[in-house]
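Here the structure comes first, spelled out in structure tokens, and everything after it is commentary.
Per-chain numbering from 1; labels A, B, C, D and E assigned in written order.
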Amino acid sequence: MDAINWHTFFFLLFSLVACAFAIAVVLSSNIVRMAFYLILSLAATSGLFFLAGADFVGAMQLMIYVGGTLVLLIFGVMLTNQGPYTMLKSRGDSWLLGVVAGVGLLALLTYTALGVRDWMGPTEEQLAETQLAFAQPSATATPIGNALLGIRVDKLNGGNEPDAQQQVLQGGMSGYLLPFEIVSVHLLVVLIGAAHLARTKKRSDTRST
Amino acid sequence: MATQTGTAFADDPRIIEYDVRTDEMLINMGPQHPSTHGVLRLVLRTDGEIVSEAVPHIGYLHRCAEKIGENLAPRQFVPYTDRMDYLAGMNMNLGWALAVEKLMNLEIPEKAKHLRVIIAEMNRIASHLVGMGTYGLDLGSFSPFLYAFREREKILDLFEEACGARLTYSYLTVGGATHDLPATWLEKCEAFLDQLLPVITEYHTLLTTNAIFVRRAANIGVMSAATAIDFGCTGPVLRGSGVDQDLRRDGEQWYTEMYDGYAFEVIVEKDGHYPKDHEYPAIPKTAVLGDCWHRFYVRMLEVIQSIDLVRQAIDRYRTATGSHCVPVKLNQKLPKGEAYLETECPKGQMGFFIVSRGEAIPWRVRARSSCFSNLSVTHELCRGCLLADVPAIVGSLDIVMGEIDR
Amino acid sequence: MMQFLAQPVGAAHYLLVGAVLFVCGVICMTTKRNALGVLMGIELVLNGANVNFIAFSQPALRADRGLALGLDGQVVAIFVIVLAAAEAAVALAIVLNFYNNHGTVDVDEADELKG
Amino acid sequence: MSGQAFVDQLKKAFADGVVGANLEALDPWVEVTPEALIDVCRYLKNDAKLRFDMLNCITVVDYLETDPKKAAKAEFEPHLEVVYHLWSVPNKVSLVLKVKLPRWQNDEEGQLPELASVAGVWRTADWHEREVYDLSGVNFVGHPNLRRILCPEDWVGHPLRKDYEMPLEYHGIRGR
Amino acid sequence: MAEFFSTYLPSWLAQLVTGLIQCVILLHVPLVGAMFFVWVERKAAARIQDRLGPTRVGGMFGWLQLLADGLKLLTKEDLRPQEADAMLFRLAPYVGFCASFTVFLALPFSDGWVVQWLDVGVFFILAVLGLEVFGVILAGWASASKWSLFGAMREAAQVVSYEVPLGMCVVVPVMIAGTMDLVAIGRMQEGLFTNWFIFHDPFTFVIFFVYFTCGIASVNRAPFDLAEAESELVAGFHTEYSGFRWLIFYMAEYGSMFIVSGLAAILFFGGWNGPIPLADLLGLTDANGELAGYLGRFLGMLNFVFKSVLGVTVMIWVRWTVPRLRIDQVMTMCLKYCTPIAAVMFLGATLWTYTFPGGVTGLRGTPYGTVRGVSAQRVELSDLTPATEDAEGAAGEGSDNKPAEEHAGDVAAAAADGEAAAASTPSGPLSIATFASSRARSR
């Protein structure tokens, strides 16, 4: 028996969970169960992130996506969860449209994904190196933090000479400082906007109907 | 009952805005709910956490005691009064005995009167301790409940020694009491009182002045004096709203003569202060007269007041003359007439009404329950409060279902 | 099966997972009548995209190491997550607002902008 | 104010409404007609001097001798007596109001006698009148929510009536 | 451990066996821990309430009471309401428990004794701990009981809100340490107790109490146990549960309590480091051989467990003392008090660290005995280069993908925060200390 490649094993595990529950989301018509399946699917996806060495993104996925966004979503489900809306059956024509578009898209994406030889994984020679790369704990938090603050540690790989570093720094390498700021402002705007949208008018206006 | 959805809610000026339209929910709180003090059932109409209407449904413990009273001699009816406010059986016994004595125009000996004061005030302490403990429980604090029961156990031990029963005493009966107090009982009682007084201070620390407790009880369920009177609220509930009334001082001669010469002040707020016999914690700034905190506080102060009264009564009892009772025959004919007498029980004013047509068995017996009136105000107080406030408000009314349903 | 378990996986395999998530999201968006169901579809789509970004960011997953996105992939994935959160908040606010005014979450009935 | 002066004052205000008074009884009482009840109650509550602002209790006494032997000797015609116990918090004075009602409206068995509700005067009367309706069977006209309160809603009969008989069974539970 | 097995088994099987053993051991932490805490809770509550508590089962102190409780719960009927959503109702307890259990993967019990050494340990723990809410929400919804639904809604609102201040509190020690790696954070507090982060500056001292408050709130203990407030909601989200499923909820709750306390111990109280470096004084270090190092770590684990249990005991103490808050007060507490205080403390701690990089007292950062101290040097640009091939190689040589193994630990940690590990390179002229963490560990 061949040795089990544990990375592959866990990849298979997580991807099966993620895909199976994503399909369950599509097939279920009970909104609360959909939310539950979505949680499992996204949690498994975060497992894939961890597997691929993106620890920080994986933890972020768990915290913000699963722990924040989905709680919000479930909150919405509970607030609007009136008897008839729990089970809204989809229509036949939209099913047809969705499946046709989906299958076409899937075929296209599969073809594209499998089309590039280099994407199929490391070559035999690279195997040991790959094992090593996955074996060591990945340090992702600090580089990402630095990148968001404008310092691209990974771009400094080129050389250790002070001149080269200085050149890179002075060469306008701002990392992701600007997008980071934009996202911050964006979040603030969204926060205010969402609060304003969900905030309701005086009782008398809506209740009188 | 308002059948149309949300009428009570929409009309309430206190609720001007709401965030998300959620449909109103009818929730059944009780009769098997942990914090409804027995088999009370509250039907809550809620919008999210906000309660728009709380309708009490009672009668799960109804035994038609009044009908029973029409078929029994007054002395036989005493055990049934025990089962009304079963936390203060002695006070129920006393109220009934006094009403019958009023009808029979029966004068009881000096010694029996002081004995009655001792026993009735001791039972008031016991009842208030339970009220305090369960109120802590309603607000989520478990330990004070057990402390309160620990002290109450000692009172029950004393009662057991005096009459043999721990809950349904039938001790104070028509004509006095069934037995005299046993030897050394008074000493034990005094020792208990000495031990209880400092403990009360600890309860004040645990509950009365606890920051969370104050937040939960102060300015919740505020009831004005006018509302309290309008709804017939009595006892600590009435005094908590600042109405100066205590039947031990203001009642009929038949009752107040028991307390003649006793030094006590009615526990009611005057000018932002309660009468100070001991060092009491100050009234928190957020507390408003008539809120849950004040009702609770009045009870706490009444415990201390009762300790004082028992001490005075013990002194008088020691020097009193006469017997502990005058004999009343079981089939003694009642004089023709009607008598209504209210007494100040721990929960409020308990009244007994007897109509006699000259036979040994009364023609009609009526028990006016204090908790019955006190509970009827729930609907008014719970409007617009939060769900968590409902137990706080109902708990502050300190109800006993046995008395309400009779 | 055992044969596959012994082999290392590559970016393509991750891309396949991403594709399945993406397609499920798309189908979800088209078929669901509940507005929140549509929202869930969007989340799935964004997640499918994220899987791709992460897959491309890891050099060890592909033969041509140097061409990996590296940190960029991860940072973009983070932005996607953050923006998805923002999008969900706004969408939810809109859904709740719609529910307030119309008492339904059925998107088929949400046609008030129709000319 | 002495008892007699009070009764005189009341008689002056409600000439025909006040039908009787007994100041010698243990609890002195005043009897009023069913028609005058609500006005008298309003007066008693709102009068600046009297201020009977608390209603303690409403009782119905059923005067009916069920034993035919005793009934022959009874000194009363069968009737209901509604007794209101009032209390004045400021004056610390009590008062008993009585109203006589027929046992059945128009002497038709099963027709509950009617009386004006005082729930509008004292709000505590709401529950007390419900209890009286439930147990003694008096129909309070103008009551906002006259339902049984202690007995189950589908209970038959009014237990505190002298001629009440416990039902043989209630939802399969043996009664007698 | 994997090396030990790999001498007898093929390497993949050795890894499987190792992983399974670790999982089984770890599973016992929440399970046995929950049983132990139930007993502690019963005993503590009894003492607080002037009672004796369990005294009979198992002889002294009723220590087997918990087993009796468990057996009783196992034999109970597993009830399910007619209207309940069967699948979600059955699954919900396990969702909560899984979240609670998963957190233990990243929680170091001693120096390097952690199942999965994560660079983002703190972040991971917070994230997964937040997932426990799903068990409660689903249980509440699936029970088809209005009380349960109320509990679920309260829990959802409360936990999501409290994640904000909790995260901000955690960020302070993380910021001081400059890493989210829990093992690294623990190592930085070696030496005397003055090196503990709670004594780092006044702001961390304050923030610990905020953290503990928020921690109690996020694991739903009194006075924040609104989701199961028995006097209001009967039993909240687990009203309809009985027997084993109910037990699972409780295990999850006690597991979370342990995690929150454990996190507090690592972030503020030095983790496995005692108030005085006893293990170092006794010579129980890796320098004196593998066994000595093992014993030293074992001492550290006892230290850590003691601190965590102490935290749990405080939670129990609080629960049996104070009344419960109302839902709006809980929210006020979070949004008006905890969050702003945490924000201000974060700012203060940042300024403090920037102003006094080496601490105020001379004690901070000075080695004590053989203690590997924390030096407060500024990070130079060259430090920011990723770990060199040497470091990677060293990390890879002796270890498989279980860096928790002791001997690999040191080097692996060096690789973990690689930018600091390669501090030997001469610094470049451009200092960007303000951007980077002001504290780096040099070993």
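In the analysis below, a contact is a pair of C-beta atoms (placed from the backbone, for glycine too) under 8 Å apart; a residue touches a chain by one contact, two chains touch by 3 or more.
These numbers come from a predicted model, not from an experiment.
J.: Drop chain B from the picture, leave everything else in place, and list the groups of chains that still touch each other.
T.: Chain B out, touching clusters read A, C, E | D.
J.: What's the overlap between the neighbours of chain B and those of chain D?
T.: Touching chain B and chain D alike: no chains returned.
J.: Name the most central chain, where centre means the mean of Cα atoms.
T.: Chain E is the most central one.
J.: If you average the CA coordinates per chain, which chain's centre is most distant from that of chain C?
T.: D
J.: B-E or A-E: which has the larger count of contacting C-beta pairs?
T.: Between B-E and A-E, the larger count of C-beta pairs in contact belongs to A-E.
J.: With centres defined as the mean C-alpha position, give me the chain A-chain D separation in Å.
T.: That pair's centroid distance is 75 Å.
J.: Could you grab the centroid distance between chain A and chain C? Build each centroid from C-alpha atoms only and quote it in angstrom.
T.: For chain A versus chain C, the centre distance works out to 7 Å.
J.: Cα centroid separation between chain D and chain E, in whole Å?
T.: That gives a centre separation of 70 Å.
J.: How many Å are there between the centre of chain C and the centre of chain D, using C-alpha atoms for each centre?
T.: 74
J.: Listing for chain E: what residues touch at least two other chains?
T.: Within chain E, the residues that touch at least two other chains are 153.
J.: At least two other chains touched by the same residue of chain C: list those residues.
T.: 96, 99-100
J.: Considering the complex alone, what residue numbers of chain A touch chain C?
T.: Checking each residue of chain A against chain C gives 1-5, 7-9, 11-12, 15, 18-19, 22-23, 25-26, 31, 34-35, 38, 41-42, 45, 48-49, 52-54, 56-57, 60-61, 64-65, 68-70, 72-73, 75-77, 79-80, 85, 88-91, 94-95, 97-99, 101-103, 105-106, 109-110, 112-114, 116-123, 126-127, 129-130, 133-134, 140, 143-144, 147-148, 152-154, 176, 179, 183, 186-187, 190-191, 193-195, 197-198, 200, 206.
J.: List the residues on chain E that touch chain B in their complex, please.
T.: 45, 48-51, 146-147, 150, 153, 222-223, 225-226, 229-234, 320-329
J.: Hey, which residues of chain B end up touching chain E in the complex?
T.: The contact residues of chain B facing chain E are 25, 27, 33-35, 48-49, 136-143, 146-147, 150, 206-207, 210, 212-213, 215-216, 386-391.
J.: Quick check: in the complex, which residue numbers of chain B touch chain D?
T.: Its residues touching chain D are 1, 58-59, 62, 64, 66-67, 102-103, 229-232, 243, 245, 250, 252, 337-340, 342, 349, 351, 353, 355, 363-364, 366, 368, 372-373, 376, 405-406.
J.: Tell me, which parts of chain C touch chain A in their complex?
T.: My answer: residues 2-34, 36-37, 39-41, 43-44, 47, 50-51, 54-55, 57-65, 67, 70-71, 73-75, 77-79, 81-86, 88-90, 92-97, 99-101, 104-106, 108.
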